[in-house]
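Just below is one structure, and these are the notes that go with it.
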Amino acid sequence: MTGRIWWRIDWRGAAVPIGFLVIAQLAALNGDLQSDNLAAPSDVAVACWHAIIDGTLFRRTLETLASALGGLALGGSIGLFSGILFGLFQTVDRLMNVTVEAVRPIPSAAVIPVFLLIFGFGFPMEVLIVAFSVTWTMLILTRAAVAGIETRLLEVSRALGFGFGARVYKIILPAALPRIFVAFRLTVAIALIVAVTVEVAANPQGLGYTIMLAEQTLRPDLMFAVLAWIGLIGWALNAVLLWTQRRLFGMAAIDEPAP
Amino acid sequence: MTIPFRQQQMQPMPNGKRTQAGNAEPPRSVPAGALIEFERVSLSLAGRPILQDVNLEIGKGEFVCVVGPSGCGKTTMLRLIAGLFTPTSGKVRYAGAPVTGPRPDIAIVFQDYGKALLPWRNAAGNISLALEAIGVPKAERQERICRLLQLIGLADDADKFPIQLSGGMQQRLQIARCLAQDPVVLLMDEPFAALDALTRQELQDEIQAIVAARNSTVFFVTHDLEEAIYLGDRVFGMRPNPGRIVEAFEVRLPRPRDWLTTPEHPEFLGLRRALFDFIKKVK
Amino acid sequence: MSGSRIFWFLASLAVAAGFIVLWQYVADARLISPAFLPGPNRAWAALVDGMIHRDLTDQLISTVMRMIYGWLLASTLGIAVGALIGISPTARAYLLPTLEMIRPLPASAIIPVSIAFFGLSERMVLAVIAFGALWPMLLATVHGFAAVEPRLYEVARALGLSRWDVIRKIALPSAMPDILAGMRIGLTIALILAVVGEMLTSTEGLGQWVLFAGRSFRASDLFAGVILLGAVGYVSATLLGAAERYLLRWRISH
């Protein structure tokens, strides 16, 4: 079945990137590029290949992913738990309003020096920064998912005489799950972005550091290679989650938040 | 979806209103009566025949209703008159000249009024859109908007946004916007189908009055047989696969009509029976 | 604001104050070393002192200006290009896949590329901010223009609106909710990238302030800076939110 899809794909979408690569390659072959800043696509591919072979790319990727996923686990669970709590109990939500709205707008980059001060370079600092950023997104979206459950469903559950526990377990969580999963997908993207940002700004590990190092050592070919690689990882993560989402929830009408 | 935009020849008229002559051929002399003509019109979409060999003449000031089961092409005919579709073969003529595209003197009232109104403009703003489109100068617009709002009973709701209006009010607003074009022809695509029974009756009577006052020509598509008899001067019955007109009924009921006395009229009852039988036949 | 809303606002304000009191207690009782966690009193003192006696206000203004400048640049470009792409299905078919591929790319990964071209300069930071803020706005605008109710296009055809009028009167207002949502996200990204950019280039700004404070172990100054950055985020989000609510007031049912 998968083999027969190829002609149904809209190949026009590939025209621009392929065209761009072709032009870049031709420009590189014909003229002389400023070798400090630019690199021919062929060189980029070669650099990428070498980085894969000697293991650096995989190692760095693992470092970034470890921080991202660690922070995701920590912040995601706090955000999920609080979000469900705030969504279920309006009183708690209202009481916490000012606190959440005051701390939430702190940009993730601002806390880098704080955790750098306390933990120094390395994993803990990055994991905590990712966790900090992820918590808020997860909280807000989960809260919306729980609070936004079709009132009709809640009326039905009350009419059926469900106790609180049963209501949460049988009606509220299953109803909110699709949107919570969408929130999760978004948070994964954010976790990756924040991890790379921390590595670019301060932390000497992971893909962010690799790409900064490549620039500093005047290796534009490696720089672009890692750039493409990061984009690929981000895209792949999202694609896998999207596929999972479709598999798990299919037509269970999911409201995507604005892009 | 591409937005087709048409080149218009704008010609000034004495009182400053602009109209356009979008037709390629000069109008030929028309027999008194035939404002809209279908001459052997067929339309196929993606190989499927939607309409086949439709012939029809609608005179100025006539209120024509079209009924038939789903898929018989009633809406397609409406869109052909509107200039939104072009026939695969045959000719659709308006005022003697072939229809080449939409024109301001033909107004369309859609069934899904919620989607046909601009949600970000209030009632006055929505009517204003039509006035802006036909080139009414800004100074004149306010007065016309007020008049139209009063005509359809929305004078107190000029500032309200569509989301604040009930279904019936929204449809009224759409009608008002169409009337703002000063149309000669009103094309109405099941306009009252999505409304509750009471509102439907109200609007049917209001449309009757408006159309009578302006001597408008109306092409009215509906599923509701009684509505067709109640409103129309003539009722056309269509059958599907492919769509074509198979019956034409004359409605010889006195005007103005009302829901209390008219349905008891023997002519009404006779037509009702005839139409019900017809629909059963073509289903 | 209704009575109950005022009540809840004050109640949650009290809760927040409670957290601050807790923070003060933790700092005073030295449960966490004051080198890492200064009490709110010390942080506030550092804030005030910095604004009056040192150049914290200038740093604040620099960051804000940078953020706004980059964001406006990205907005103009994003909305204009997004409109052109969103309105044409052909353009969407050719360009949307590429745009979607770039979307998950962390904007900070562009920083080294930007450094390669512009060096460690103001321009580099601005370029990064504009690039980072551009994508969510571009994609949101494309989505908004692509999702215009088709019936409205028909109404436009029936009324004979010119192409320019269709864009101005139908497509743009229809896309406004998406555009504004994209602008909101773009603003958050602009702030983050401004801070990161300042950290890397040591140009004047709160990013540089907090980084140096951290390196010199001046925890109070550090927290003062973080508080200010939170304030910038809060105020900008609130202003944009108010503008959004006003522009989109037609969505609220009364």
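Observations on the structure shown:
To keep things simple, chains are lettered A, B and C as they appear, and every chain counts its residues starting from 1.
Note that in this section a contact is a pair of C-beta atoms (placed from the backbone, for glycine too) under 8 Å apart; a residue touches a chain by one contact, two chains touch by 3 or more.
Everything numeric here is computed off the predicted structure, so don't read it as measured data.
Highest C-beta contact pair count among chain pairs: A-C. Farthest from chain C in terms of Cα centroid separation is B.
In terms of their C-alpha centroids, the spacing between chain A and chain B amounts to 52 Å.
If each chain is reduced to the centroid of its CA atoms, chain A and chain C end up 18 Å from each other. Our note on geometry: chain B versus chain C, Cα centroid distance of 49 Å, whole angstroms.
Those residues of chain A that touch chain C in the shared complex are 10, 12-17, 36-37, 94-99, 101-114, 116-118, 189, 192-193, 196-197, 200-202, 207-208, 211-212, 214-216, 220, 223-224, 226-227, 230-231, 234-235, 237-238, 258-259.
The residues of chain B lying in touch with chain C in their complex are 1-6, 8, 20, 82, 84, 102-104, 106-108, 110, 112, 115-116, 118-122, 129-130, 132-134, 161-164, 181.
Within the complex formed with chain A, the residues of chain C that make contact are 8-9, 11-13, 15-16, 19, 36, 93-98, 101-113, 115-117, 136, 139-140, 143, 177-178, 181-182, 188, 191-193, 195-196, 199-200, 206-207, 210-211, 213-215, 217, 219, 222-223, 225-226, 229-234, 237. Chain C contributes residues 87-89, 149-163, 165-166, 169-170, 173-174, 176, 248-254 to its touches with chain B in the complex.
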